[in-house]
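The data blocks that follow each hold one structure.
In what comes next, chain A is part of two complexes: it sits with chain B in the first one and with chain C in the second one.
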Partner chain A sequence: MNPLELTLGIMTAVGGFVDISELVFAAQAGSIFGYALIWAFAFSTIGIMAFGEMAGRVAAVANQPVFNLMRHRLGLKLGLVTLFASLLSTLVTCAAEIGGLGLILHYLTGAPYLLMSVVSTAVVMASMWVLPFKWIERVYGLLGLLMLVFAAALVAIHPPWDKVLGGFVPQVPSSLSTKQLLQFGYFGVAILSAVMFPYEAYFYSSGGMEEKWGPKDLLTNRVTTTVGFVLGSLLAIAILASSAQLFGPALVGPEEPGTTALEAAIPFGRAGLLIALLGMLMAVAGAAVETCMANAYAISQFFGWEWGRHKKPWDAPRFTIAWIAFMLLALAIVLTGADVMTLVEYAVLFSIIVLPLTYLPLMLLAGDKGYMGQYANKWLAKGLGWTYFVIVCLAAAAAIPLYLLTSGGQA
Partner chain B sequence: MRCLLLTALLVAACSKGPDADLPAIGEARSLAAEWALVNEQAAAGHVTPTYARTMRAKLREQLQTSLGSLTQPKSEYGNEVRSLLAASGDASPEQLRAHTRALKRIEDSLESA
Partner chain C sequence: MKLTGSIKLVCQLLDLPILDKDERWCGIVDDVELEGEPGKTTRVAALLVGPGAYSGRMPKFAYRIVRAMAGNRIVRVPPAEIADIGSAVRLKCTAQKVGLHRTEDRVRAWIPRWGAL
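So, the complex of A and B:
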C-alpha cells in the first residue's frame, strides 16, 4: 500500500463526498430541526461505507462492475427496469448538479445562470475528455477540499458542542406536531437518499476497475471508504450544525443554495465566502462528472459494450457517446428552466426508489463464496448490509407519500 | 390503510385556502429572512457586491413565484408578500426582518388554527 496513493484517495473521497443535494438538505435540516438530524447523516454514512466497501471489494476480487451483476442476478426484465430507473434518477441528479454549477458561477460572476450552466458543462466535459480517470477524480476531489472552510466556520462560530454531539444520538424531537413529524420523516429519508445515491456505487466500483484494482488493493478500499467517507460526512454535518446555529434562529430556510455560503462569510468575511463558493463549485462539478460517468458505465456494462476512461475515446465509442449524451441531456433539462431545488428533490426521490434494486444484487454477490472466495462478506458486512437493505426498502416505500404530504418537505 | 393514505394524498393535493398556502407562506418567510441576512452581511462588507446582487435578484424571483402560487393572493399574507416585493434591493435588514416576523406570525396562527 503506497501511503501517498492512500492519502490522495482519502482526500479525494472527502472532497468528493458532498454534492448539491447534501448541501441543500444539510442546510435546510439544520435550520428547521436544529441538531436533531445529525444522526441521520451519521447513520446514512455507515450505510454508504458498508456498500461502498462491498462495491470496491467486488470490483477488486470478482472483477465485476455493479451493473453486470445486476443483469445476472435480477434477470433481463427486472434488470432492464432497474437500468431504466437508475439512468433516470442519475440523469435528474446530474441535471441538479449542472444547475447547481450554473447557480454557483452566477453568484461568483453575475453572468446569466443559464449561460453559466452551458459554460460549466463545456468545461466539465473538456476535463473529462482530456484528463485520465485518476486525475478526473482527483482534480475535483482535491479542489473540493476547499469545502473544509465549512468545518473551520463551525469552529469559529462556537456552537454549543454538547448539542452538536447530542445530535449524533438517534432521536425524534418530542415537541413536534404531526405535520412537523412528517416533515422530519421526509428530511430523514431525503438525507438517507442523498448520502447513499446509487450512482456512488456504480462510479466507485467502475472506478476500481478503471484503476485495475486487485486483492492487494483491498486495504486501500477499506480505508478510503471508512476514513474518507467519515471525514466527508463530517463536512455535511458541519454545514448542518452551522445552519442550526446561524440560520434557524434567523428564520432562514434556506431556499437558495447560495445562502449556504453565508455560513463561511459570517465568520470569515469575503475570503470565507469565496472559498466556500469555490469549494461548492468543485464538489458539485465532481458530482456532475460522477453522475454522468455512472450512467455511461451502467448502460455500457449492462449491454456488454467496451467501456472505461482508461481507453482512448474511440476504442470505447459507445461508452464515449453515452457520457457525452447524458451530460448534454442533463444540460437540456436545466435549459428548460427547471428549478434547481425542484431537481434536487426529484433526484433524491427517484434515487431512494432505485436504492434497493442497486444494493441487493451487490450484497448478494459480495457474499457469494463462489465469486469472492475468502473475501466474501463476513458477519459485519452481512449484518450491516441486510440492516441497511431493510431500512432502504422502508424509506423507498415512504418516500413518495412523505413528499406529497409535506409538499416536498415544506410543511 | 391504503384508503386512508389515498384520501390523505387526495386532500393534500386538492386543498385550497390558507392551509394550502402554508408552504408558500413559509417559503416567503424564509426568503425574506435570507434577504435580510444577505443585506446585513453586505453592509458589513462580508460578501462581494456581485454575490449580493445576484442573491437579491434570485430571492426576489422566488418571492414572485411564491406569490403566484398562493390560492388566496388577496389575503393578509398575500399583501405582506407584495409589500416585501416592493422593498428596494438594498433595503435595511430591520425592514426585511419586520416582514419576516409578520409572515412568521401569520404562519404560526394558520398552523395552530
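So, the complex of A and C:
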C-alpha cells in the first residue's frame, strides 16, 4: 500500500463527502433542533461506510460495478425499474448540485444565478472532458478540503462541547409537539438519504474499477471508507453544530447555502466567508461531477457499454454521450427556474426510495462466496448490512408520508 | 466455467456482462438460444445480445417502447467464442468479430478527438 496514495484517497473522501443536500439539511437541522440530530449523521455515516466498503470490495475482488450486479441479481424487468428510478433520483440530485453551484457563484460574483449555473456547468463539463478520472477525483476532492474552515469555525466559536458530544447519543427531544416530532422524523430521514445517496455507491465502486483495484487494494478501500468517510461526516456535523450555536438562538433559518457560509464569516470575517464559499463551490462541483458520472456509469453498465473516464472520451463513446446528456438535462431542469431547495428536497426523497433496491443486490453479491471467495461478507459486514437495509426500507416507507405531513420539513 | 458442462442459465449466465479478449465491455447476455429435442440434451446454441432479445423478457408495451428507442437488433454469440463464464462472460475473440461493437463504433464517429488528457 502506497502511503501517499492512501493519504490522498482519504483526503479526497473527506473533501468529497459533503454536497448541497448535506449543507442544507445539516444547517437547518442544527438551527431547528440544536444538537439533537448529530446522531443521525453519525448513524448514517456508519451505513455508508458499510455499503461503501462492500461496493469497493466487490469492485476489487469480483471486478463488478454495482449496476452490473443489479442487472444480474434483479433481472431485466426489476433491473430496468431500478435503473429508471436511480437515473431519475440522481438526475434531480445533479440538478440540485448545479443549482447550488449557480447560487454559490452568484454569492461570489453578484452575477445572475441562472447565468452562473450555465457557466459552472460549462466549466465542470470541460474539466470532465479534459481530465482523466484520477485527476477529476483528486482536484475536486482536495479543493473541497477548503470546507475544513467549518471545523475550524466550530472550534473558534467555543460551542458547549458537552452538548455537542451529547448529540451523538440517539435521542428524540422530549419537548416537541406532534408537528415538530414529524418534522424531526422528516429531517432524520432526509439526513439518512443525503448521507447514503445511492449515487455514492455507483460512483465509488465504478471509481475503484477506473483505478483498476484488485485484492491488494482492499486495505486502501477499508481505510478510505472508514477514516475518510468519518472525517467527511465530521465536517457535516461541524456545520450542524455551528448552526445550533449561531443560528438557532437567533431564530435564523439557514435555508440557503449562503447562510451556511456565514458560520465561517462570524469567527474569521471576510477571509472565512471567502474560504467557506470556495470550499462549498468545490465540494458541490465535485458532487455534480459524481452524480453526472454515476448516471453515465449506471446506464453504461446496465447495457454493457464501454465505460470509464480512465479512457479517452472517444474510446467509451456511449458513456461520453451519456454524461454529456445527463449534465445538460440537469442544467435544463435548473434553467426552468426550479427552486434549488425544492430540488434538494426531491433529491433526498427520490433517493431514499431507491436506496433499498441499490443496496440489496450489492449486499447479496458481497456475501456470495462463489464470486467473493475468502473476501465475502463476514459477520460484521453482514450484521451492519442487514440492519441498515431494514432501516433504509423503513425510512423509504416513511419518506413520502413525512414529506406530505410536514410540507417538506416545515413545522 | 464453460458452456460444455452444465450451467444454471438464470443465475449463472443471463444478464452477465460480456468482455472481449481485449477486456472491452461489449454487451450483456440479454437472452440465450437453446437447441435440443425431446429425449436429448438441451444445449446453449448462442448468447443473444441487443434490444431485440428483450422481446420475451418484458411486457409487450414496455418492449414496444424499447424497440422504438433502441431498435430490435440481435447479435448471436456462438458458444465456440466463449473463453470463460464467471462474474462476466469472457470472449476468445474481439467484439468486432462477433459484431458486438457496431453501435459503439457508430457513436464513436460523433465524438471529437481532441482536448482530453
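Going forward, the second predicted complex is superposed on the first by the 411 of 411 C-alpha atoms of A that agree within 3 Å, B and C clash if a C-alpha of one lies under 4 Å from a C-alpha of the other, contacts with A are read in each partner's own complex, and residues count from 1 in each chain.
We take it that a contact is a pair of C-beta atoms (placed from the backbone, for glycine too) under 8 Å apart; a residue touches a chain by one contact, two chains touch by 3 or more.
Predicted model only: the values in this text are computed from it and were never measured.
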| item | value |
| --- | --- |
| Touched partner set for A:R71, first chain B, second chain C, both or neither | second |
| Which of chain B and chain C A:P313 touches, first, second, both or neither | second |
| Partner chain in contact with A:V130 - chain B first, chain C second, else both or neither | second |
| Contacts of A:R138 with chain B and chain C, given as first, second, both or neither | neither |
| First, second, both or neither for A:A250, with chain B first and chain C second | first |
| Contacts of A:G110 with chain B and chain C, given as first, second, both or neither | first |
| Which of chain B and chain C A:A265 touches, first, second, both or neither | first |
| First (chain B), second (chain C), both or neither touched by A:R57 | neither |
| Contacts on chain A seen with chain B and repeated with chain C across the two complexes | none |
| In the complex with chain B, residue positions of chain A that touch it | 103, 106-110, 177, 179, 247, 250-256, 258-259, 261-262, 265-266, 269-270, 272-274, 277, 401, 404-405, 407-408, 410-411 |
| Chain C-facing residues of chain A, complex | 62-64, 68, 71-72, 75-77, 79-80, 129-132, 135, 300-307, 312-315, 317-318, 320-321, 371 |
| Complex contact set, residues of chain C against chain A | 10, 14-18, 24-28, 30, 49, 54, 57-59, 62, 86-88, 103-104, 107-108, 110-113, 115-117 |
| Chain A contact footprint on chain B (complex, rising order) | 5, 8-9, 12-13, 22-23, 26-27, 29-31, 33-34, 36-38, 41, 44-48, 50-51, 53-55, 58-59, 62, 100, 104, 111 |
